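The following pair of complexes shares a single chain, chain A, combined with chain B in the former and chain C in the latter.
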Partner chain A sequence: MPGVEEEIKNLVATIIEKDPAEINPDANFFKDLGVDSMMALEILAAIEKKYKISIPEEKLTQLTTLNQTIAVAREYIK
Partner chain B sequence: MDKIRVVITGIGVISPNGTGREAFGKAIFEGVSGIRPISLFETTEFKVKTAGEVTSFKPQEFLGDKGLRTLDRSTKLVASATKLAIDDSGLIIHDNNSRSAGISLGSTFGSISSISDFDREALTDGPRYVNPALFPNTVINSPASQVSIKFGIRGFNATISSGSCAGLDAIGYALDQMKLGRAGVVFSGGVEELCLQVFLGYYKSGCLAGLKGPEICAPFDKRRNGIVLGEGACVLVLEELELALSRKARIYAEICGFGASFGSGRLNQAISAALEDSGISPSEIDFISSCANSAKDLDCEEAFAIKKVFGKESSRVFVSAVKSVLGESLSASAAFQVAAAAEAIERQAVYPTVNFEEKDGLCDLNYVVNKAKSCKINKALITASSKSGYNSSLIISRCK
Partner chain C sequence: MLNIEDIQKILPQRYPFLLIDRILELEEGRKVVAVKNVSVNEDFFAGHFPGNPVMPGALIIEAMAQASIALFHSAQGQTVENEKVYLLGTVKARFLNPVFPGDQLRITVEPVKIISSGAIVNALAETRGQEACRAELGFSVK
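Take a look at the complex of A and B:
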């Protein structure tokens, strides 16, 4: 069973259309990985759906790297 | 100021019987049908099993691997057809000409399956969990917008939703914009995708062939008993004649004029308006690219409209219905008819209406049936008419 880190990495990889192995967990989504605002919203919605959680929209600005995204998600995953 | 003349310099087709202008032309002239058993959704519960479905469609062949994930079928079809049209025209869109390039697209039911999918997710998983990236697909202007984004087309962007007339209405609108000097190039045509939702609408309305007779698409034939749905996209590159000549572009045909009317049984008014707009008489029309779709009433009404406008000339002018091999692809249909008419002018021959076996005394025109026919074609009329009352007509001619 993949852990939360692996699951979120795969979700992000699908959305940004990259191989999971290509994603440096500290690379900036916007500057380094070509993520746009719609993709960021999609990442947030996909994590919420996967774990049936609600992440406040003000947290969106913190989703700037894979590691930060995983950290934010962990705050809400029980 | 000289009158602005508009010509067709590129044709992009994704159709049930061929991808690309050449394959499409070959298929329609050989009478190859794209109507086949539906594979896009399950039909075991229904009496009707066939449609003009685009099979083996791989949008990545035209659009690359990235950025397709959240696009719906309509958008992928029309973006691919646009790429084919651009390549066919040899036109290069760059910073200096992108503002004078526009889009005018016919699209009517494209968003229905996207709305349905979006709502289904909200209802099954909860409204919090819908995918925001799929929301843009739920509006009808999404395909035209995505084409603009994809190809950097920065002039006007319009979507026209008038069912089977949408392809012609979009070209008519493009023509107006170009004659007003608002665009030098317009990508115009239509798109429609085959989906369960549209199929159900037509099935439950009793409009489909196979419900009251044999499941055949047989325009003007006495055995016709309803339409066979189709799908696809057809995009034309419309260009000012001067621009086309300056870059030595291949010119398929000139757009002479457009006319429209509203109301059941008023197609004759749209034809007359197109003739008047073109400044030509019925005796100059060599060929009619007919909108007949195998519907009991519409085919008859079209024959009546042609006879009313053409009088004695109606026994001379050649008529053929390309929907006999494509099915009724709604917003894409009239654009396919224009591409087919341009191909007829190019080849100086008329493609056949297939499945024509039994004459209907109410539809007695000069049809080219089951086999292509060589003949002189300088000017062609394209008709469009829908059950909901829209009527449109376009005239194209060999460019001299």
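Take a look at the complex of A and C:
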């Protein structure tokens, strides 16, 4: 069973159409990885769906790197 | 129920591109059920296809997108102005049965996630008791 970190990495990779191995966990989504606001919303929605959680809109601006995204998700995953 | 006058207060689209005729059900931010009546007089049938009229899938998606605007609007209450521009960002769709003149498309949209600057929704279009199209749409609002 992959851990949360691996799962979120794969989920992000699918949405931003990159190989998971290419994603530096501290690379900036917007500047380095070509993520746009629609993809950020997709990432948020995909994490909510996968873990059956609800993340408030205010947290969206904190999804700037893979590590940050994992940290935000961990706040809500029981 | 919302009639066409009510719909035009919410949607910016107009003739010949207003693809929702009526809203049957509206649960604020949770669900919209809308109707598109498909007439043989639709301009697009002249070319799609001559002698073999089928509603273009892209226009089924557009009708779903317009129903989604009504859903988004209801979720935001009074804060959304009509001058907003709605831009489709993602479409994942499966077309299951063709739509012909005389069909009534029943479109149901439900949110996956709605935020103040956009939304992701699940949409289903049905006609003659069959599914015509299932789609997930993502759009942003500017």
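We adopt the following convention: the second predicted complex is superposed on the first by the 78 of 78 C-alpha atoms of A that agree within 3 Å, B and C clash if a C-alpha of one lies under 4 Å from a C-alpha of the other, contacts with A are read in each partner's own complex, and residues count from 1 in each chain.
Just so it is clear, a residue touches a chain if its C-beta (ideal position, glycine included) is under 8 Å from a C-beta of that chain, and two chains touch if they have at least 3 such contacts.
If you're wondering where the values come from, they're calculated on a predicted model, not measured in any experiment.
Under the clash rule set out above, the superposition-derived model of chain A with chain B and chain C contains a clash between the two partners. By the touch criterion defined above, A:60 lies against chain C but remains apart from chain B after alignment on the C-alpha atoms of chain A. Looking at the shared chain after the overlay, A:74 reaches neither chain B nor chain C.
Applying the stated contact rule after C-alpha superposition, one finds that A:41 touches each of chain B and chain C. By the document's definition of touching, both partners, chain B and chain C, reach A:49. In the superposition on chain A, A:17 makes contact with chain B only, not with chain C. Once the two structures sit on top of each other via chain A, chain C runs into chain B at 114-122, and not at any other stretch of 114-122, 150-158 or 240-248. Once both structures are placed on chain A, chain A residues 38, 41-42, 45, 48-49 are touched by chain B and, in the other complex, by chain C.
If you check the complex, the residues on chain B that touch chain A are 65-67, 69-70, 125, 128-133. Only residues 36-38, 41-42, 44-45, 48-49, 57, 60 of chain A touch chain C when the two sit together in their complex. Contact residues of chain A toward chain B in the complex are 14-15, 17, 38-39, 41-42, 45-46, 48-49, 52, 54. Taken together, the chain C residues at the contact with chain A in this complex read 89-90, 112-113, 115-120, 138, 140.
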